[in-house]
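My questions all concern the structure below.
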Amino acid sequence: MLRKTFMAAAIVACTAAPLLAAGDVDPQADFKAFRKYFTERFPKVPLNDFVNGPYSMDEGLRKQWKAIDEFPPYEFAVEQGKQMFATPFKNGKSYADCFPNKGIGIRQMYPMFDTKTGKVVTLELAVNQCREANGEKPFDMAKDDMAAITAYMAFTSRGKPFDIKIPDDPRALAAYKKGEEYFYSRRGQLNFSCASCHVQNPGNHIRTEVLAPALGITAALPIYRSAWGGMGTTTRRFQTCNAQVRGEPLPAGDEDYSAVEYFLSYMSNGLPISGPGARP
Amino acid sequence: MIEFPDAPAVARRAVLKGAVAGGLAGLGLGAFPFPAFADADAKEWPGDAFKVKSEADALKALYGKSAEASDKVSLDAPEIAENGAVVPIAVASTLPNVTGIAILVLENPNVLAAAYKIPAGTQASVANRLKMAKTTKVVAVVESGGKLYSATKEVKVTVGGCGG
Amino acid sequence: MAGTIRVRATASGDATEVQSLIRHPMDSGFVKDAKGELIPAHHIEVVQFEHGGKTVFTALWGPAVSKDPYLKFSFKGGKAGDELKVSWVDNKGASDSLVTKIQ
Amino acid sequence: MRKTMVLAAALSLVAVTTAAFAASADDAKAALAKAEAAMKQAHALKNEWTTTAAEFKKAKAAADAGKFDDAVKLAGEAEALANASVAQAKEQEKLWPEAVVR
């Protein structure tokens, strides 16, 4: 019965609180509050170190990460991505023709809101859109080819600060709001939201793993996880997070995934790209 | 193109791209006047040492003797492994003329994880990444002047994530 | 497909530090695949490093060495420009080798 | 959340025991259909649970094997899980703004 009373109280609280119509969200205000929350809660963590996820939270793990990152296993993916980037499509064109600055050093601008289609375009969607525009089959967004090419593109952007833009377009604001809603909504039988772990519990353990802070959490993607024994794209990471809380993962390319990445990367504006990353 | 009957495609290309000389030597035609860049030879692999279940048996199979603890062997291992599949382990020693290093993971199905031959002129230190099935003692053994010295540390290993 | 071996060899003073990363599954033979069948053991057995016609390091590996195995050691007598040869062979007889220049 | 799920599961169990001794093929089919309807709703809200599909699979297997009592029980559990995930989605649609870091 607790659940019923809690919900009733919540509804009352909602209406009594300053009327926050569900429609309006204020990205700039959210950004300031989000940044303030993490910097005040973890005063000893330098701002740019948040992009190192669990390693900004735990000395023991950081030491192991440093040992692995000295010659990390994602080097093969970066090498493969570099070769894929240089190999022209059957029609002679290549990825360089699809992306600003020939695709080099631009990962920090994605996800990008496309005012023509009114949709959020993540780096992974952009790669597939480029392939399809040139008559090639799109990659499976959770598999190694996509991980290799995005690993190379991330590698060429290392150190560049996130620069995610929300244009003055109601559809962009709606996408941002959708991402924020996804991030804060509880799901799965374990009834957790992304925030339950990455806002309320960064630095705490879920068995051996240490939870990463949400601030800067997309900067290291794609990642080579020892647990997977291989590379993982942003899509694969979101899907496994869903499954961990016993929520059914969404299909690759789902707009909710693009929206939550849009929200998260916007929250990390100014923080440097650290991908591809090595993680437990 | 020289057809290397047994080497898989990868090896052929690497051989062609890299060291044709080395590749030819690799064919076991040692008599060639090239510098003896012999390839890694599977016969060097101490198969039985990798099948035994106890530290004593592994050291007997590898070196024919047992080890005594020594603070001259330094074993760098994490207290809690980030992930049992990739545990960074480093071994070093200040003992004189070291000829071999071995690393054993006592709770693994087979105790011996890796062994290294250290010729003269090579420093007595090695870093590698090992797999550990569960929380286990890790023993680093150094062969110096025909005797074995060891250091032991425990590494906690569990899985991560929400689980279930 | 690029080669399976990546090496960084840097000489400083009389010591040359060597790091290597080899692309290999290093299957232990104890892991089951999605269908529940055991994946057979498939791991590198011997890795050999040679400089100036002499073996400077030999690794003897079992199935407990991690996937895409990494190695670091250092030896005396190498200098920038020298050649260093790396070669490996696994329990299925597959092999690869690479000659690289010390930086 | 745990409360509504237990409540729903308990309700469906009560319904089963008062029915005829052995559930028939039709009872099983009906229970499966109810579960499937609830699962469709959860799917529409993009908020399915992995455990729902697992229970439903067991229910179908029991029905195919002619174990209709089991099938009805398991289908009831799948339905309860699906309903709980629907309730979760609807509840969160209202509650998420409160969790936002302000």
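As written, the chain order gives the labels A, B, C and D, with residue 1 at the start of each chain.
Just so we're on the same page, a contact is a pair of C-beta atoms (placed from the backbone, for glycine too) under 8 Å apart; a residue touches a chain by one contact, two chains touch by 3 or more.
This structure is a prediction, so every number in the text was calculated from the model and none was measured.
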Most centrally placed chain, judged by C-alpha centres: A
Chain pair bearing the highest count of C-beta contacts: B-C
Distance between the centres, which are taken as Cα means, of chain D and chain B, whole angstrom: 53
Chain A-chain D separation of Cα centroids, rounded to whole Å: 32
Centroid distance [mean C-alpha coordinates] between chain B and chain A, Å: 38
Set of chain D residues in contact with two or more other chains: none
For chain C, residues contacting two or more additional chains: 1, 66-67, 70, 72
Contacts with two or more other chains, residues of chain A listed in rising order: 68, 73, 226, 229, 246
Listing of all chain pairs that touch each other, if any do: A-B, A-C, A-D, B-C
Chain B to chain A touching residues, read off their complex: 78-83, 85-88, 90, 127, 129, 156-164
Residue ranges of chain C touching chain A (in the complex, touch as defined): 1-2, 6, 8, 19-21, 23, 66-68, 70, 72
In the complex with chain C, residue positions of chain B that touch it: 6-8, 10-11, 13-15, 17-19, 22-23, 26, 35-42, 44-46, 50, 85-87, 90, 105, 108-110, 112-119, 121-123, 125-133
Sites on chain A touched by chain C in the complex: 68, 70-71, 73, 75-76, 79-80, 83, 226, 229
Chain B partner contacts - residues on chain A that touch it in the complex: 60-61, 63-65, 67-68, 73, 190, 192, 206-209, 225-227, 229, 244-246, 280
